[in-house]
Amino acid sequence: ASKKIALSNNYAGNSWRQAMLQSWKTVTDQAIKDKKIGQADAFTTSENQATEQAAQIQNMILQGYDAIVLDAASPTALNGAVKEACNAGIKVISFDGIVTAPCAWRVVVDFQKWGRDEVDYLAKRLPDGGNLLEVRGLAGTSIDKEISKGIHDEVQKYPKFKIVGSVHGNWAQDVAQKAVAGVLPSLPKIAGVVTQGGDGYGTAMAFKAAGRPEPIIIMGNREDELSWWKQEHAENGYTTMSASIAPGIATLAFWVAQQILDGKDVPKDVSVPFLTVTQDTLDNALKTTPKGSVANKNYTQADVQAILAKGK
Amino acid sequence: MTRLFARHRILLPVISLAVLLALTFWLQPRAMSYFGMNLLFNLAVPIALATVAQMFIIKVNDIDLSIGAFVSLVACLTATVLVQQPLLGVLALAALVLAYAGMGAIVRALELPAIVVTLGMSFVWGGLALFILPSPGGESPEWLSALMSVKPPVLPMAVWAAAVIAAVTHLIAIRSGIGTVLRGVGGNARAVARAGWPVVRLTALAYGLAGLFGVLSGMALTGLTTSAGADVASRYTLLSIAGVILGGGEFVGGRVSPTGAVLGAFTLALAASLLSFMRLSPDWQIGSQGAILILVLTARLIFTRRGATR
Amino acid sequence: MTGKEQGGAAVVALTDVAKHFGSVRALNGVSLEIRAGECLSLVGHNGAGKSTLVNIVNGTLRPSSGELAFPRAGDAAAAKAGIRSVFQELSLCPNLTVAENLRISHSALRGIGWRRKAAAEIGQSLDTVFPGHGIDPMVTVDSLTIAERQMVEIAIGFAPRGGAAELVILDEPTSALDAGIAEQLLTHIRRFCAGGGAVIFISHMLGEVFDVASRILVMKDGLVVADRAAGAFTRESLVAAMGHVAADAPEESTASERALGDEVVRTDRGLSARKGEIVGLAGLAGHGQAEALARLYLGSTSSWKSPREPRMVFVAGDRPRDGVLPLWSILRNASASILPRITRHGLVDRAAEEQVAAEWKQRIGIRTDDLANPILSLSGGNQQKVLFARALASTAPIVVMDDPMRGVDVGTKRDVYTMIRAEAARGRTFLWYSTETEEICECDRVFVYRNGTISAELTGTDICEEKILEASFELQETGT
Amino acid sequence: MPALFSRAWIWSWLATIVVFGLTLTLTGRNGAGGLAYAALAFGAFSVIVGLGQMLVITLGPGNVDLSIPAVMTLSGTLALKAMDAAPGTAFLGLAVALLAGLATGLANYILIAALRLPPIIATLAASLVYQSVAIWSNRGLRIKPPEALADFATGRSLGVPNVALVALVLSVAVWIVLERGAFGRWLLASGQNMRAARLAGMPVERVRATTYVTVALFAGLGGYLLASFSGGASLDMGQEYLLTSIAVVVIGGTSIAGGHSNVPGIWGGALFMFLVVSMLNSYGLGAGIRMVLTGLIIIGIVIAANGRRARR
């Protein structure tokens, strides 16, 4: 119970990461008070850089942490540092941005499934098919590639769908808004927009500014997205779905680390579902989401023990 | 005292590094070991190489805003083409060095502002990198990873590498005849031209050397991280500029120090580690990097100013 | 001397060489031969064309017309003919060491240990020319004093550099050297010439010229006006040959004709001026006059405020460095100092601006058909007039002038003198640094500078070339 | 003289027209209005920060402000937090944003003038601190702008986006100051030759301080408007304006050597930067090729513009 856990985070520049840091602090502070763990420090580097994060992990090795909980900037570029940590006897648990190093644990989210689910939902809502616009994330990252792959694979199954445009919105409302606004004039009527989270509101704004009818835009659990959806629903019955990883997944990873340090036998891959918001759960989700933040769920030790038990 | 600093510009980077190192050892005694030093410094090696590359550009009074993107591109090539088709990979890397030299020739011959040309080129390198490696991955060649993780006697790889880089670049940039002439171009291009030297070709040479060290930096980075990504080194542009300045270099006048540049890069890397050992609140972790940069540079400028008015 | 130079071919031969920079005729047809063993001294006023002439000899400039040959070497390239130059402006790389600077001009120096060889070579050359110099070949040039840098340049000029120097050109090499060091140089030149080398020696210090020259060539306005053996000149006849005809200037301006007011300028280094006074700063170039004026001006004005009625204005002489704003039109350059006065609500009153500029174009005779033309389309002299207009158009009671007449033709100079006198009569004070004695003679009081300090203060009839030379040239010991 | 003047910025406008035309071949004529509208709306932000960057670059070699993104983020964050979506607080928010700009501008100037740091390093280091202040102040929560302000920022008057009108007013103001004002004269003179300007009696330090404060004020305003436009401030919302602000200045024909600015060129550069991305997106080109082409076009424009200048 005197073990030390570190959180290595590579970016702090959006509400998801901030909510994640907040969750981490809430849950770990309580865990320390409850003497379930000795220490749990959060470290952040700027600008999503694998090189800096690798250096950060190496520092954590020096600082003698027993486990490192890691949201990685790159699935492979940290493997060198992760291996060194493992060699030093440190448990490494990656989540969200996972690493491929075999010695590390992974709290995995099936990003391809996310993409497939989006298309499936649209297929249900739009039996006649139509044109789709894809708003991607940050070019050159693996999460972007995975989600996009899921989307494209699934669209193959529905010949009535056609992806007529694809832009990079960098998971940011303002960037998505700009990119979508730039291609809209050259696009035919759009029936649905597949997104990657954090970009739905910006996309909606771009459609509104261009005076085009609102397609079904898949949302990404941000508070502004959900409240826009709610408002539209009240006005004209607009319905969509929203999904994303809960930032509280960091706390899940934390408890996984704690369990591993406690000597429990934990499989290398722990899979977690998305946090999905539907029309039915929308009001409830909005109520529990702080203004300007993102829908979240903090995990408790009991939650995690249950998940692990189920996994066996 | 101040005269001493003015004479031996290298003292200041040495002292900054020593002070930071002492603080680090004090905060984290475990760092004071073969293993610890390696962890502290091995990722500074590619930064040091990129800083040296930047130094060759600053040496001829220009500035390079594309080195970070360039190093990323090299890393992508190294982790893909160089593994799959070694010969093609070597040719591609050589072509990149030539492209850098060409960039220098164009900048000088057309008298274009280097800052703009390199800004444009940073998009080009970045685009090519995305083209080669649309998402992070690839795998570093075995020999390269092995080379970057050797365990030499007495001191860890990073320290030996720093010594070798400093020594080699010192030989090229300071000791060799042609390096001396290159520094002359930065100091008084007119005098060099008067003595009959082709300044455009000299500039191309300086850029070519920068390209060469950029290539080495990308390869070292790939060897350490064992894979690559299209923006893996995008921070290197600003880090390398800061490293050259921290190492006692100046933006104009051909006053640069290769040893200082290596030390500057190591100082920057160490400063980041020191901050993480201080366990600041995550809110301030980014800001404190800026603050420490300002602090170290202020010290440097006080000394050089006093030195100038001696 | 020996029969060698009569029989041998000339080291350099120029036939009717001319050099024009655009419309500036820097050199107007010069023929000249220099033989081994000769020390040729070039003298003449600023801008006479001396530097242009030697830059043609060493290949830095190409003549506009005429022939340049190296009969002795039988080779067309100056460098291969053993021609060495010590340029008037600094031609060292300040960031390199002394030894490394030798490497720049001696590219054959290569291989392992070149630095040691370079250090040895430059060290030996320094030892030969300036025994006891105390310069370490391994220190960077920027840590040397101006005099030491000049010594290094000279030593590089005389160093063997893989061959032997045939002709060494020294363009004002002693302007930064003190008497003792200069004497060492002169001794070396004599020794070098005795050994069969040739030297072109440019200097404004007549004592040195007589000391070392075997032959003296006097230049004026791009032409050679006298070319005789050194013994054929006396100091007086040399000055006469160089000087402008100063006789036709009517003596109409003395302080007694104007009422001088209170003292308006006094610095702790002894410079002072009274209201309505024209104060001259004389002495050799680079002896601290420009610095004194810059210090005075920068100290009395602010870089935060730009008052409607400034206390002081500045007329620059070094136009590219201190005066001209090269991207701008003549109009904007001329109005640069009066902006606060013609600004209403932050906006420049362009009608007023044009009116002021047009008035000064008229008064000072700026030769252009349109004030909207770029300033760089003007000849140097006309650019200088714009700078004058800029200063005089303001209301500032004190005008600081840093050798402002460079490149201004004789007629305009007269006009400017008249204007300055008129302005002084209206109560303006002028502080005027000039390298031309003629201009200094326009002043009511003169401070002569030597080595950064005031060495003499002259008034009234004491203001004459003789006394100024005495105070600045350090000629006292020769007893003239 | 007018003919001569046109040369500096004509290239950016030519490029803009070509790119616009190329995009229209895809959209057909009816897309023209929408595309132009989007270009004006999004270009406006580049214009606002580009104008500030132009003033700094005009100060002469070595002068550049790398803290623009951080200042945008900080002022946007602080302003939206101060308004807290309450109606009638738009001017309070504006005041807060401008105050943030003033403070950061002064801080930058002090680092540059008093500590004699090279501007490039000083503004870079300072921007990390500003970023931290922004994180600390609001932890990345995306607070909505007051409704009236959001309507204004996304609205249009006379068919032109309001933000473009703001940018236009600023441009005219900057143009008047540069062309007609005494301050503009001082700035242009300082950029040509600081020493000569000082010796001509110009208040060069005041000019330098004012310029660094002005760029920060513009960045502050830009951040405020962008946050209102895109429905909230995010911690990385200014990021893309680092390179964009410099690019629009040099593409617009302002000399990086200083002493010469070009307001119309800023518009050319800003519209071009938006349209080129839209065009490449509309043609469905991948992120890699898009970047390569953008870089090559930038260099091409600079060579064309520079060659012209040399021949003059």
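By written order: A, B, C and D. Residues from 1 in each chain.
Here is the rule we use: a residue touches a chain if its C-beta (ideal position, glycine included) is under 8 Å from a C-beta of that chain, and two chains touch if they have at least 3 such contacts.
Here the structure is a predicted model, which means the values were calculated and not measured.
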item	value
Set of chains whose contacts include both subunit D and subunit A	B
A-B against C-D, pair bridged by the larger set of C-beta contacts	A-B
Separation of subunit A from subunit B, taking each centre as the mean of its C-alpha atoms, in whole Å	35
CA centroid of subunit C to CA centroid of subunit D, Å	46
Distance between chain centroids, defined by C-alpha means - subunit B, subunit D (Å)	30
Length of the line joining the C-alpha centres of subunit B and subunit C, rounded to whole Å	44
Multi-chain contact sites of subunit C, meaning residues that touch two or more partners	none
Residue list for subunit A, restricted to those that touch at least two other chains	12, 21, 46, 139-140
Shared-contact residues (touching 2 or more other chains) in subunit B	129-130, 134, 230, 285-286, 289
Arrangement of touching chains [line / ring / star / complete / other]	other
In the complex, subunit A residues that touch subunit B	9, 12, 21, 41-52, 54-56, 58-64, 74-81, 84, 139-142, 144-145
Subunit D - residues contacting subunit C, complex	1, 176-177, 180-183, 185-186, 188-189, 192-193, 195-206, 259-260
Touching residues (chain side subunit B, partner subunit A) in the complex	28, 30-31, 36, 39-40, 42-44, 46-47, 129-130, 133-139, 145, 149, 221, 224-235, 269, 272-273, 276-277, 279, 282, 285-286, 289
Subunit A contact footprint on subunit D (complex, rising order)	23, 26-27, 31-32, 34-35, 37-39, 41-42, 128, 131, 135, 139-144, 154, 226, 229-232, 234-237, 239-240, 274-275, 277-278, 281-282, 284, 287
Subunit D partner contacts - residues on subunit B that touch it in the complex	63, 110-113, 115-117, 119-124, 126-132, 134, 230, 238, 241-242, 245, 251, 283-291, 293-294, 297-298, 301, 305
